[in-house]
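Shared chain: chain A. Partners: chain B in the first complex, chain C in the second.
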Partner chain A sequence: MELRKSYFADVRKDDLHEIGQPRPRSDSPGHVTGKTAFFADRNFPGMLHLKMVRSPHHHARIRSIDTSEAEKHPGVVKILTAKDVPHNVYTILILIQVGPEDETVLADGKVRWKGEAVVAVLAETERAAQEAAAKVKVDYEVLPAVFDMEEALKPGAPLVNEYHGQNYYLYDSGECRKVRFGDVEAGFAGADHILEESYQSSPIEHAPTETTGCVVAPEGNDRFTCYTNTQAMFFTLDNTSIILQMPGSKLHFVGGTVGGGFGGKVDVIVEPIAILGAKLTGRPVCFIYSREEEMQISSPRAAEKVVIKDGVMKDGRIVARKVTGYTDAGAYSRHSPYGAQKGAGHYPGPYTIPNVWIDTYCVYTNRTPSSAMRGFGVTIGDFALEVQMDKLARLIGMDPLEFRFINAYRDGDMKAHRQPTEGAALIECMQEASRAANWPVAEKYMAMSSYVKGA
Partner chain B sequence: MAIRRGRGVAAINYPTGMNLGGDPTQALVHSTPTGNFMVTLSSVDLGQGMKQIMAQICAETIGVPTDRVVVDTADTDTGPHCMGTFASRGTHRAGNAVIQAAREARQVMLEVAAEELEVNASDLETDGQGNILVKGAPQKSISIFDVALSAHFKRGRSISGRGMFLIPRSYPEKETGAMKPSTCYAHACTVAEVEVDDETGEVTVLTVKNVFEIGRALNPKMVEQQLVGGSWMGISHALYETTEPYYPNRDHGGTDFNQYLMPGPGDLAETEIIVLERPSADGPYGAKGPGEMCANPQIPAVANAVFDAVGVRIDTLPITPERILRALKAQAAN
Partner chain C sequence: MAKVPVQFTLNGSEKAEFIDSGTTLLHALRDKIGDTSPKGGCHQGTCGACSVIIDGELRLSCLTLVETCNGAVISTTSGLSEAGVLHPLQRAFLDTFATQCGFCTPGMIMAAKVLLDHTPNPSRDEVIEALSGNICRCTGYEPIIQAVLTAARSNSQNAA
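So, the complex of A and B:
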């Protein structure tokens, strides 16, 4: 890595003692010698293991649940169903007033994706819990499922989630988050070329070294200590407090070093049910995802579809951009309404375009709920935007890098969401990339600056 | 049939912190009797090294070496609230809270030193080595060790401080979408060079040259580890990873690392990282959040390089050999 100090030297003081120094990480020796403690290193006498009975169907009504055979299985201590969870219907962003509550801790009457948790089994050993889970009998009436976002949005599509009432998240702005800036249709009408293209991604796994999990120990004083690898301590504690209808003062969450998060550990899935198990049995409980659960049960990055329509001039100026983004939330919201909203705030990318129209939809389908992942709301949007930029440049016969200089945002430029640009540095990044990659551009682009002219 | 070479570019920006704000983080700082400093948080270190960065920020602000700062975090019984470690917010939000807490503690420390030295606190400065000096008369000084002892046992002062950082929440206007998604943005431009085997559809990423603008590299070695890792993840997203290979079909999802494809060491490109620093107005010592954005520009850069190499557009991720071969076949048919 190289630091190029010549850029922005006029707005930066390099007079610091500790900041800017490549100090060795104090936790590295522990990591490389195996001494760092992770949550799963906690072990308590009498600890129970929790395993989930999961839905084999994408969408089904639950006619009945029979746990009698499972209860007789050697080593089984407790079996939990929906009726045992004090506030079973929840949604995590309720803490920042983003509702409605739309998901169940344990399925109640219906399952909406293959893998959804239906019954929790607590047993003396992991094996006993697994074997007993296989003996739980659930009678399902299979319902039609919908997997494709366009199909889900059509009238008459199977309704994925009754708590929403339709297969999209209803924002205060309606069926999508909207950004309107300038007059996009007038922009298209005056453009030399129009290019409309569609981009698609599919779900992606965080693939952390350490799978999601927690270990819960009941304390002698009616409190519960939860050792967890959550990425957000109080977010998880406060949501657990709601789900279990238990005062937050009864809960003590202890984290530490996490073996990789990437957004995969902010969903509040394992902690509430494990603490409930510890409360109802009076024993320590551990609930740790298998690798298979981490890959197919825990939330992935959402699949997205992005449709971009651009109006561009022969001289390289983009005069109008319309973006329609679709985020596949799967069966429940989790963080996906936030992700789609973040996309609306991100488009049309780091370019100054006078006429912009953005609609971002959060769509429900019968698949594993998606949620947060490194850059969600932006990552797939950037793939779409930057491939589109390449296509536009070639369409008008321009160098793709020079084409970006022409449209790059600079300090003071008004963005589509009506915030003036501050602290821009796209131009300088491209200038340095031009040098580093030996990708020459015209001298006028190398002379550009992100600063406001004359300031 | 041949190995064809191509290159592609992508340029991006990325918002720092929880979208639309409204995501507070607090920090507490106090000194021990012998002048070491404890930072108390509830933020989570995901392995990216947050504890180390918070120690350096506290040390810089107090004016002591980093090894005199200890960070206690991720415990809800001791640490004040933090919204969580996500959205490239850890360094920016918690860093600002630590600065505010450390400034308050530093002020008390200087007041106690002023009493010991019989000067005004405003006439004092720290040397970064553990001493407090009178400005312009450095021979008149006192160690922070002695100041902390005095504060504890003689003057009854608590060298401590509270920090809170909150960007007020923005609510998007319903019809126009007017809003403030973020207060500062990181930037990047990536050039990727690939080889595509037009017989097998296999893509080899040869080089990835990344330029990142991140406000301030608080610890350049740790910046490097995050940016290199992110760059690899970007390649992985571009070419390999998905839990549903035939989305929207739900079948054929991988359940372990044998079935879920990720690049191994031999599949990773020669990676170059160049960092620019335009300090942000509200970042801790100017820092922005590069944690997420560093994995983004490689994806379109690789996609554009594949087109440059073989002349077909793969607009669906990941860019698998199967998709490339089908596109080449369709191209040949036309």
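So, the complex of A and C:
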């Protein structure tokens, strides 16, 4: 490993003991010997297995649920429906006052996406739970569904989620998150060229090798130990406390060992219902997604659409940028209002542009609820922005890397969301990239610095 | 459900159990015998996390019925180190940062062990081929390939 000390030599601290030094990982010895305990490695006598009855429809009213045949299936111990869940309607980010509560632990009267959990079956074996789940009869009245964000935003579109009342998240700023900086129309009017392009992405599944799940063991004193692979331990603890109306002191969460997460295990999905099952049966409970559930049911990265309009001068300066971003939350919010908001702050990219207009929408559709994944809210935006940068450079006949040097933000520049730039290193990264990729740029760009403005 | 008697050698120890007919070796090892080093990632033979060695051959324990293992000699990653001393493959996986979440690691090590048992000095392409049935979602594979090549080199140095 090489630590370049030539950059920022006059402002850097040089008494670093850890940075630049390889350190062994504390968890590796457990991994290579097979001793690391993942949640599914916990086994308890008398442990029950939980399987979900899931909606086969994208959008439907539930007329009735009949569990009588399933209850008679050998090995079945308990069947749970919405009425068994103390606080059935929740939303994860209510903990940081991002409401309304809009999602059911078990569907109550309606399903809003294909795969939504409707009935939970607890049985002595995984096989008995699976077979009994197939015997639960749910009578559905299928409703019109909407799968496209722009269709969902049109008047007269099917209403996906009544808890919102419209097919977008209502921010305190209105129907979208907005950034307004300078005068974008004046910027376009004075530009040498205008380029407007649209970029779109599909949902992406994290596909961790270990599927989502938890094992719950009653401690015998109204307290429950939950071994989980959640990536969001305290979100899960606090939301479980709300959903089950149980004080946190009754919930003992053990986690931190995650067999691949990538953001796919931050939702609060398996723990509340498994703990409820353990509470109502007095038995340990294992709820683990099958591979099929992991791929079909767990939240993916949101589908996004990004429309970018830029005004650019022949000398390479971008003078105006207008971005409209759409994040497909699917049927429920989960972390998407936050993701869309992040996009609003991020969309100008690491470039200093005097006139910026940004709208980002968090849209509800009848698709699988999306949520966190590695830089959600900005990753697809970065793809769109950087493809756009290449197109702009080509439009004015300029080298794409030099074009980025001209527009790169540097310390002291005001960003569109009115945070002054501090600690920028884009210029220096591009200088290293230029050398590493053997993509030479003019000497004046190699002499630039993020730190000393105008150097 | 009818139970069937099953007897095999696991990591040098004799095991004898009555097990439900139709049980996979993966379930038998994890839930009955208590060796949780093979992992269940897909239960359909596609991820390799459940890989074990049966009579010297690499096998997917999630697709192997335990009834077919009578009299077999089975090795798993939990039995690889001897007297607390790591096997060269385990050492190499540690030293080259070839583990991240660790879920695929026991299966990877089993696949690598079968390779090195048959081919002590594999080429990079042979390593890639040998690991092609094992999915890792964290590392991007490169540190794992390096670990196997490193272990092969340390084996040949020790032999010399």
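Here is the rule we go by: the second predicted complex is superposed on the first by the 443 of 455 C-alpha atoms of A that agree within 3 Å, B and C clash if a C-alpha of one lies under 4 Å from a C-alpha of the other, contacts with A are read in each partner's own complex, and residues count from 1 in each chain.
Here, a contact is a pair of C-beta atoms (placed from the backbone, for glycine too) under 8 Å apart; a residue touches a chain by one contact, two chains touch by 3 or more.
Source: prediction; values computed, not measured.
Peer 1: Which holds for A:Asp310: it touches chain B only (first), chain C only (second), both, or neither?
Peer 2: neither
Peer 1: Counting only touches as set out at the top, which of chain B and chain C does A:Pro29 meet: first, second, both, neither?
Peer 2: So A:Pro29 only meets chain C here.
Peer 1: Taking the superposition as given, does A:Ala40 touch the first partner, chain B, the second, chain C, both, or neither?
Peer 2: Touch status of A:Ala40: second partner only.
Peer 1: Identify the partner contact of A:Asp102: answer first if only chain B is touched, second if only chain C is, both if each is, neither if none is.
Peer 2: It touches nothing on chain B or chain C.
Peer 1: Please work out whether A:Phe181 is in contact with chain B alone, chain C alone, both, or neither, and reply first, second, both or neither.
Peer 2: First partner only, chain B.
Peer 1: Pick one for A:Arg291: touches chain B only (first), chain C only (second), both, or neither.
Peer 2: both
Peer 1: Go through the superposed model and pick first if A:Glu116 touches only chain B, second if only chain C, both, or neither.
Peer 2: After superposing on A, A:Glu116 lies clear of both chain B and chain C.
Peer 1: Using the touch criterion from the header, give the chain among chain B and chain C with more contacted residues in chain A.
Peer 2: When the residues of chain A touched by each partner are counted, B comes out ahead.
Peer 1: Tell me the contact category for A:Thr211 with respect to chain B and chain C: first, second, both or neither.
Peer 2: Second partner only.
Peer 1: Per the definitions at the top, what is the overlap between the chain A residues touching chain B and those touching chain C?
Peer 2: In chain A, positions 24-25, 27, 31, 207, 257-262, 291 sit in both the chain B and chain C interfaces.
Peer 1: Which of the residues in chain B end up touching chain A in this complex?
Peer 2: Per the touch definition, chain B meets chain A at residues 7-15, 19-20, 22, 42-47, 49, 51-52, 55-57, 59-60, 63, 65-66, 73-77, 79, 81-86, 128, 169, 172, 174-182, 184-185, 187-191, 209, 211-213, 216-224, 227-228, 230, 233, 237, 241-245, 247-250, 253-257, 260, 262, 272-281, 285-286, 291-293, 295-297, 299-301, 303-304, 307, 313, 315-318.
Peer 1: Help me check something: in the complex, which residues belonging to chain A touch chain B?
Peer 2: 1-5, 7-8, 11-12, 16-27, 31, 58, 96, 114, 147-149, 172-174, 177-181, 197-205, 207, 230-235, 237, 251-263, 266, 291-292, 295-296, 300, 303, 328, 338, 341-342, 344-346, 349-350, 358, 365, 367-368, 372, 374-375, 377-380, 382-387, 389-391, 400-401, 404, 408-409, 416-419, 422-426, 428-430, 432-433, 436-437, 439, 450
Peer 1: Of all residues in chain A, which touch chain C in the complex?
Peer 2: Those in contact with chain C are residues 24-25, 27-38, 40-41, 43, 206-211, 257-262, 290-291.
Peer 1: If we count contacts the way the header does, which residues on chain C are in touch with chain A in the complex?
Peer 2: 30-31, 34-44, 46-47, 49, 76-78, 80-81, 86, 89-90, 93-94, 97, 99, 101-106, 109, 135-138
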